[in-house]
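In the two complexes that follow, subunit A is the common piece, with subunit B as its partner first and subunit C second.
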Partner chain A sequence: MTRFLIAIALALTASFAHATLKVFACEPEWDALARELGGDQVEVYAATTAQQDPHRVQARPSLIAQLRQADLLVCTGADLEAGWLPVLLRQARNPAVQPGQPGHFLAADQVTLLEVPTSIDRAEGDVHPQGNPHIQVDPRRIAAVAAALGRRLAEIDSAGAAVYAARTDGFLKRWQDATTQWERRAASLRGKRFVVQHAQWVYLFDWLDVQTAGAIEPKPGLPPAAGHLAALRQQLAARRADGIVRSPLSDPKAAEWLATETGLPVIELPQTVGATADAGSLFALFDAILGRLSGGRR
Partner chain B sequence: MSMDLSIVGPAFVTGLVVLATHVPLGQRVLERGIVFLDLAIAQLAATGAVAVHLLDIEAWWAVQLGALAAALLGAFALYGCERRWPRFQEALIGATFVVSASLVMLLLAGSPHGGEHLQDVLAGQILWVTWEQIAFAAAVSAGVLILWRALQGRLGGALFYALFAVAVTLSVQLVGVYLVFASLILPALVALRRGLAVGYLSGALGYGLGLAASAVLDVPAGPSVVCALALASAALGVRLRA
Partner chain C sequence: MLRTLLAGAAAGTLIVPSLASAAADPEIAELKKAMAEMRRDYEARIGALEKRLAQAERKSTPARATASPAKTTPGGASSTATAAVVAAPVVAPSSPAVAESVAAPTRASSATAGASAFNPAISLVLEGTAAAYSRDPEHWHLPGFWLGGHGGRPPEGLSVGHTELTVSANVDDWFYGQATLAVHDDEEGTELELEEAFIDTLSLPAGLGLRLGRFFPQVGYLNTHHPHTWDFVDAPLPNQAFLGGQWYEDGARLSWVAPTDLYVELGVEALRGGNYPVEGDTDGFLGGAQNAYAKLGGAVGTEHEWQAGLSYLWAEPTDRTSAHGQGQGDAGHSDESFVFSGDSPLLAADLVWKWAPDGNPTERNAVFQAEYFRRQEDGQLRFTNDAGGALLPYEGTQQGFYVQGVYQFVPRWRAGLRYDRVWSDNSLRVAVNESGEDDAALLDESGLLDDGHDPHRWSAMIDYSHSEYSRLRLQFTRDYTLPEADNQVFLQYVMSLGAHGAHRF
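Moving on to the complex of A and B:
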């Protein structure tokens, strides 16, 4: 009997030591990153797919159930998920992942944000007072988030700390090599000008030293004004751009219209992991972005 | 995925609170032949809420007040129209909807990320509702039902339009426009044929089945309940004659 109890106790301890850390990732890029750093020590649930707009999420029961069980929440922050994450956190009532806890990890808090409004001016944009949240298209910022996320995983799951540290180091080395390659490949893009659909490529353009030649829809969720489109067309006639950049999520009509008007190519760029067929991993995401941007592929 | 009552429970109670006012109101809507009144009122409420946002006021109660004021104003205007030009009421309601929706877009044109403010009011999501919101909604709904019972004979149409504006402004923020329309019209159709009790039953059945399907199949709760309400109403509304 005693031997049996000891066997059970040992089995329990063993399974406890190997218990996987449950990660709730708000977006596909953090899902991919958590898997890179956690390997089989983590079990990741992705709240959104690359085909969904992370600003808007339909309430499904599994979102609440998964967040309730999670040990760690990994989201972008900077108000990207302001429309649904606060209510979801309230419904899940999981103390481990509430704001301020180690189980609440926001990627935007780990990097410098661009487009931070200098004054609280409603006309300039009060909705993202912390800055532009679309940080995942800059590999330098991905590296900063990865380093911080690796430390956070080790902090929460100290039993696996050594594995997280090793995997994070390995990932950062491979990522640094890939980044050097990408930068070499992208040297020819420097100084080029692209029209964007929304202001979601700010970090990519900042990294590549590429210019924005204007935005088709300066206010997401609202159709552009006729005067704005006319002015944009005029600007492009005066000074040519190198293409129109849109993500597969956005409505193609506006970009197609501008392409017909100006003769510029429309370049579809994956905005996150899985957004296009050739962007299956974090590495493939940037391969795909650079390939499409320098090829000018339609 | 199994059923977790702590997740779908509050949503089900929310559904019952919404049905309490919407089934009797829906019967009047059907009798008057103005089925799209709720869309016009909800859109006006959204316009009011957005206008308050644009005035730089963020307080929760002020936004609610703005939404309610716009909804009531529109309701009284539409009541006036119904008395003057009853023949054109349906057309005027439709026009109110599109003009109000376009007005919001014009209002928001100066505000970046304006689309998100609009979503706040029109796209309530039933799974996000908290017990505090349910308690508030239940209290307002009880008030609406009591006034409806007490004053119906004396005030008639004007009271109907006013109470309708209050009920819809409240419910659209909890469950969104699609569910408000479905809760208003589908069980009321059953109620007109087979009495209020069967109407309520079909509504409760729709919410119950829709939320169960949402939990088991892990699909968005709102659309799932709308479809289940249609099925339940069809099943209970068609009485086979022996």
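Moving on to the complex of A and C:
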């Protein structure tokens, strides 16, 4: 009997010592990253899937229930989640994940942002005052976020700090090797020009030294309009581009029309982990992006 | 029950600061860590600046438009970056070389914004309607019901509806504050109303939350949502009959969110009760009305999300009037009035179900929404006129519901259908009559007899949203509020300016 009780007590303390850290990830890329860095020590809930647009999410009851229980929130920030995260934070009643707390981690705060607007007007479309929030398609920025997230995990869950440090170190080493290879592979892409659907590839193009030849959306977040598309076609006739880049989330019609008009290939790029079948992990995401961009697959 | 809960909440808030001071030692450690981190950050920042300077000197012409600090080219990125070793952090893994060129030095972007960064979020909603009715809206009333608050139909012709100004911000790490000013016209002229002015706690432990001030009580679903988020031009009949369109009240709300995967929120509200549908004794410490509610919700797969609510309101109106004399049938004399005193508890139930393929509502989505209300009144009506008055003992059961579905069939276009109905079972008699009018006329003028007719309507709408911030709507309603059908056509615009309004479920 006593042995039984001791066993139970041991089991209980053991379960407390290894209590998993609950992470609420706003987007699939941070879900994947938190799993990489936390391993068994974290239990990650992804608020959105790759099939959902993180701009347009509602503060759903299931999200409130999950955030209520979270120890750490990992989101992109830079107002990407402005339409739902503030409400979610207020409704979830969780002091640990409020802004300013260690449990509130924003990836965009860890990196430099591009396209910081000099003037802000909604007539310019869905502009983000702090800069373009789609940072996840640049492996250098992923690395910067990983290093900061590793530190944050160790800070919140000090009992598991050594494991987080080791896992983060390991991840960053593998990531750096992979990045070197990706960059070697992408050398031929330098200087090429692509038409984009939505302004979500800025960081990828910045990394690869690739140019934007125009955008199908007349303004960020606004639907393609006939006049704008016609102008874009003329522009492309004057100066050729190398392809039209879109994510699986966007409506393919406008891109396909432009493709038949200009003869340019439409390249579907996964915008995050899980967006296409071959982008199942963070590593696979960049393999897939480079493979598709280099003309391996249309 | 209410009193103990409130006392508990007050005690809880008092305990929190003493807990905070106990954590002094870890704070020093944290400070040290923060300082070490700051030093590191500055070193990294200076490094980045030096690199940038060197780069600027190398490049004679600024070739690139994008402002990227310490831009590195592919292939060269890792090799050049590895050389510049960042000081090893204290707690955690060494900073990766790949990341160095893009890592944020400090939060420079927010620093440049200066004092204006602390300005609260301000949003303005502009709304306007054009309405046409086939029958004269002057004679419109709701048989069996009194209309209070803002119950009633939008004015015929062109009109600016509800102009709403909302200001909100976190006060500090403990409190969030929000105020909404609404401007609209009625028969008496332009009216400026303070619809909301409340604070929410942000850091109470154990999932508790306290809201103090003026807010929309948690009765049903639509009542807690601003009209510009509604899917139809006007409020459903039950909301007009039981809540006067939309009901706000001064008071306090204590609520709790359960730490479960199923969303469970339980709450109690102590309300002043000065407005329709209460208009009770507002002097009480716990107000003239109390409300208790429960909300449940969750996901079914990735495509479905639901929320259900149930609430019960204890209300004891004292001389509750009928707004603007609308509800009293043909009793149009300004020196004649009916008031109600007695019990008027209100039960409300609601269900919202949303669907989107893959959980992505951008292309297509559907929302089903229904609410049911039941009010059981027991008391008496008092009639006053020049000659004297009358007393009419009254008992009534009044019910109503609406169901609606809205479907977004292509991006930006939505279509919706709504059916709403209210019905009553009221019994009243004349006990004392010193008014000089005969009993039958008094009963008729009370407006509480339904004349054997249940008011109901069919509404169909279609709307177009050019962006998230603008919406144009066309609505057609076949209105059987009175036995003879009234055909109604509405054109409406709803525009949101300023801060990005967050989307509540």
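Following the convention adopted for this analysis, the second predicted complex is superposed on the first by the 270 of 298 C-alpha atoms of A that agree within 3 Å, B and C clash if a C-alpha of one lies under 4 Å from a C-alpha of the other, contacts with A are read in each partner's own complex, and residues count from 1 in each chain.
Just so it is clear, contacts are C-beta pairs under 8 Å (C-beta built on N, C-alpha and C of every residue); 3 or more make two chains touch, one makes a residue touch a chain.
Keep in mind that what you see is a predicted model, and the values were worked out from it rather than measured.
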{"item": "Contacts of A:155 with subunit B and subunit C, given as first, second, both or neither", "value": "second"}
{"item": "Of subunit C and subunit B, partner touching more subunit A residues", "value": "C"}
{"item": "Partner chain(s) touched by A:225 [first = subunit B, second = subunit C, both, neither]", "value": "first"}
{"item": "Partner chain in contact with A:237 - subunit B first, subunit C second, else both or neither", "value": "neither"}
{"item": "Subunit B versus subunit C as contact partner of A:98, first or second or both or neither", "value": "second"}
{"item": "Touching partner for A:140 - first (subunit B), second (subunit C), both, neither", "value": "second"}
{"item": "Subunit A residues contacted in one complex by subunit B, in the other by subunit C", "value": "56, 58-62, 64-65, 82-84, 87, 90-91, 122, 125-126, 221-223"}
{"item": "Residues of subunit C defined as touching subunit A within the complex", "value": "66-69, 71-75, 77-78, 89, 91-105, 107, 109-110, 170, 173, 176, 200, 202-205, 207-209, 256-264, 295-299, 302, 305-307, 354, 358-363, 411-412, 466-469, 497, 500-505"}
{"item": "Residue numbers on subunit A that touch subunit B, as the complex places them", "value": "55-56, 58-65, 82-84, 87-88, 90-91, 122-128, 218-223, 225"}
{"item": "Subunit A residues within the subunit C interface of the complex", "value": "48-49, 51-53, 56-62, 64-66, 68-69, 79, 82-87, 90-95, 98-100, 109-116, 122, 125-126, 130-131, 138-148, 150-151, 154-155, 161, 164-166, 168-169, 172, 175-176, 179-180, 183-184, 186-187, 190, 202, 206-209, 221-223, 249, 251"}
{"item": "Sites on subunit B touched by subunit A in the complex", "value": "1, 4, 7-8, 54, 56, 105, 108-116, 118-120, 123, 125-128, 130, 214-215, 218-223"}
